[in-house]
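Across the two complexes that follow, chain A remains constant while its partner is chain B and subsequently chain C.
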Partner chain A sequence: MRLATRLRIGVLVATVALVEGLCRAGVIGAFTMIPPSEMALSLWRLLRAGQVQADMRRTLTAVGIAVGSSIVVGIVAGAVVHALPRLRRTIDPLLAAYYSVPVFVFYPMFIVIFGLNDIPKVMIGFLYAVAVMIINTLNGLDRVAPVLLKTARVLRMSRAATALRVVLPCAAPYLFTGIKLAIAYSFIGVVGSEFILSSGGLGYQIGFAYHDFNNPTMYALILFILSFVLVVNMTLHAWEKALMARRGLR
Partner chain B sequence: MFARPGQASLHALGPIDLDLQTGEFFAVVGPSGCGKSTLLDVIAGLSPFTEGAIAINGKPVGQGVPEGLGAVFQDDASFPWLTVRDNIAFGLRQRGVGQAEIRERVTGALELMGLTDFARAYPAQLSGGMRQRVCIARTLVLEPRLILLDEPFGALDQQTRLLMGDELLNLWRQTRATVLLITHALDEAAMLADRVGVMSARPGRFLEIVETGWPRDRDSTIVARPEFGRITGRLWSLLRGESLKALRHQSEPR
Partner chain C sequence: MNRVASPPILRSRAFDLVILSGVVLGLWQLAHLWGGDVAMTTPLGTLRHTVQTLASAEFWPHAGATLGAFLVALLLAAGAGVLAGALLGYHRLSGEVAEPVLVAVYSIPKVTLYPIILLFFGIGIRAEVAFGALHGVIPITLFTMNAVRNINPVFIKTGRILRLSPWALLRSVLLPATLPEVFTGLRVGFALTLIGTLLSEMFGSRRGLGFMLMNAIGLHNMDVIMSLTFMLVAFAGSANAALLVVDHRLHRRA
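And then the complex of A and B:
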């Protein structure tokens, strides 16, 4: 194991141990936070009792739909904008300003339009994720060297073959970055929406447990979301690093 | 082949009349911005032209790249996501050549270009000269009858260029293909080519076509011969005035 990896694990373990100690010693009160070991235990109990599976499924499905649609729409929209330089010049400032929009302000409007179901939160997750996907697609397409396209033409490749075998693999690392961020943003959008107003899902259950002074459930679910997002993100990160290293990009 | 591209909307090329003989090594030198690369793009069917006609083996070149043509450019065109082996096999796969034949031809090309030990490497792990060799190999496995080279060694250092020149001569002899080399290096043209077309400043046209008279079996050691100096000197005496013109033109406000 590399030194950096060992140090990283060390820092994590030490932090958890410190929190555990502070909770056990009573420095952090039981109404504020429960020890990490009890969070894990509580999560285990909830899972065994089958109490949280439906909410997990509901949240992860909503995130999945938001991620999938933002990736497809983002790549297609990015490709179209890239092909039309004038359109791009027009909307570039808008794309840059998009980040400053707190998408959540549209949530009440979506509920009015679609009702209190899962569609509004998928919309929020989608809106958070799609812009970053468009921007990363544009970035990836910008990095396709003209000489590679020229080579494709000399090889008498069709437009479809060029797109599939030259442009797509060339832009892949940047699309990958976009996908990674789209997943993170979709999670924020969906879970955040559930906190604000919804009829179910992990965010809803965390909020419910909070109002109910049910710290074991609240911290168990927080732990679950945290671990899930971390595992997904670290897996993608490792994959991305391998992809980039092969090309000498990092 | 017969090339006579005329005025484009940007008048890039003057009237050009070029007759490449099958199997010859023809080099084009000229001042920067004279339209050398445009000439190559037009012959390759990559750029449209407004006047004139081009034919390869009697078949006219219109829009689109003609069959049996290969090209290597100055910029690194290796595919960074593929290994050296897959890079070289790329064009063959594109054409739907059988797996067994691809393996055989690629292995041959790897050997020929001295890349066998790097077959599994990615371009990022190679030097610029090796990457350019990958691009040359990728073109060669397709067995083109006409190879267009647009300053393929432009980004390499002088020693590597001389050695790559040797390799190129070797390949040219073995494949019996016709080679058109665009270069700004007079010594490179003088050493490699059977004939050297000297272009004028823009709009480029041929000032003169210099015959080198080298034997087919030659290598970079000919630079020690007195003829080499004479040919290079002849090229420079033709080009000196044009290069000055091009330089003045470039420094003019546009």
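And then the complex of A and C:
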């Protein structure tokens, strides 16, 4: 194992141990934070009692729809915009400014239009994720070397075959970055919306537990969301590395 | 505008912007036709109400509260981010240890951490500042770290040969070499800090524009929701455009 990796693990373990110690010693009060070991224990109990599964399903479904639709729409829109340079130049300022606008300010409007159900939060998750997918698709398509396209034409490959065998593999690393960010952004959109105002879901339950001074439940659910996102990101990262290694890159 | 002085590319870019605004306004008007007054106000109606809001007495204390919290958060994020980034960029091993952790923290949904912030800081301006700064500090750290790492070693060696004092080396070599990247980090941090501040006001606060928005939802006051949304988007968009111009200029010079 590399020195940096070992040190990193050491630092992380030490940090958790420090927080555990501070909580146990009472430096951090029980009303502020519970020890990390008790967070994990509380999550285990909640899962065994089956109290949170419905909210988990609801949130993960919303995130799943937001991620799926933003990936599909993002790639298609990215491909269309890439094919039309005039359009691209026109909407370029829009893409550059997109993430400076707090998308959550549209949430109240969506609630008024669609009602207080799961549609507004899926929309926010989608809006958060779709632009990063478009931007990364454009980046990926820009990186396809013209010589490869010419070679494909020389070999008389059909358009579909060119897209599948030349363009897609070349753009894949950028699409991967887009997908990873789309997942993270959809989570932010959905959970954030649930916090602000909603009728259910993990964000809602965390907010409820907070107002109820129910720290074990609140910290357990926060731990669940954070570890879920981390595991998904790390899995995608490992897969990406394996794909790159197979093609002899990196 | 002096038409002779502006190069053709600039004129056509301005033309693009006009087309873009026209299309957005048109879609907005169409959406209003489809959704009706219950769902949204028209572009013109929103503008009218925005002017009214800007003239009203109750708007300014809220806007001031948001701006105050945002600026303090941005200062904290920029100070801590640039300092931490410089140290991590300078000391390679710490940078290598910290980078994956920072990237992982950057990609987790930080909204989930908001209740923890509230428990530590209590409802109020301190929580808003802390949450805003939490959003902004990581990108600023990452960009600064990469900027310091990528300084051309030849610059530093030349500085040594010229026997520059550490202060002179910092001022005339290190700062100019890192400024473009650090500025990009600050631009990203600016946007994220604003999001963090507004989010914390929407979730739990008694003042600020985020609170005004939530209040308006409760009262189903479409005029207020639309004009506040319009103002925030306009503010964030134009601030970003201005920062982007500076950003491009710095990168082109470097």
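Worth a mention:
Please note the rule applied: the second predicted complex is superposed on the first by the 240 of 250 C-alpha atoms of A that agree within 3 Å, B and C clash if a C-alpha of one lies under 4 Å from a C-alpha of the other, contacts with A are read in each partner's own complex, and residues count from 1 in each chain.
Keep this in mind: contacts are C-beta pairs under 8 Å (C-beta built on N, C-alpha and C of every residue); 3 or more make two chains touch, one makes a residue touch a chain.
The shown structure was predicted, so the numbers you read here are calculated from the model rather than taken from an experiment.
In the overlay built on the shared chain, the residue A:A242 is in contact with neither chain B nor chain C. Using the contact criterion defined above for the overlaid structures, shared-chain residue A:L94 touches chain C, although it does not reach chain B.
Of the two partners, chain B and chain C, it is C that touches more residues of chain A.
By the touch criterion stated above, A:A25 is placed in contact with neither chain B nor chain C.
Shared-chain residue A:A160: touches no atom of chain B or chain C. Residue contacts after overlaying the shared chain place A:C170 against chain B, while chain C stays out of touching range. Of the two partner chains placed by the overlay, neither chain B nor chain C lies in contact with A:A49.
Within chain A, not a single residue is touched by chain B in the first complex and by chain C in the second.
Across the complex, chain A is touched by residues 44, 46, 64-65, 67, 69-71, 73, 75-77, 79-82, 90-91, 94, 122-125, 135, 142 of chain B. Contact residues of chain A toward chain B in the complex are 145-148, 150-151, 153-157, 161, 165-166, 169-170, 172, 246-249. Residue ranges of chain A in contact with chain C, taken from their complex: 3-4, 7-8, 11-12, 31-33, 89-94, 96-97, 99-102, 104-106, 108-109, 111-113, 180-181, 184, 187-188, 191-192, 195-197, 203, 206-207, 209-210, 215, 218-219, 222, 225-226, 229-230, 233. The touching residues of chain C, when paired with chain A in their complex, are 13, 16-17, 19-20, 35, 38-40, 93, 96-98, 100-101, 104, 107-116, 118-120, 190-191, 194-195, 198-199, 202-203, 213-214, 216-217, 220, 222, 225-226, 228-229, 232-233, 236-237, 239-241, 244.
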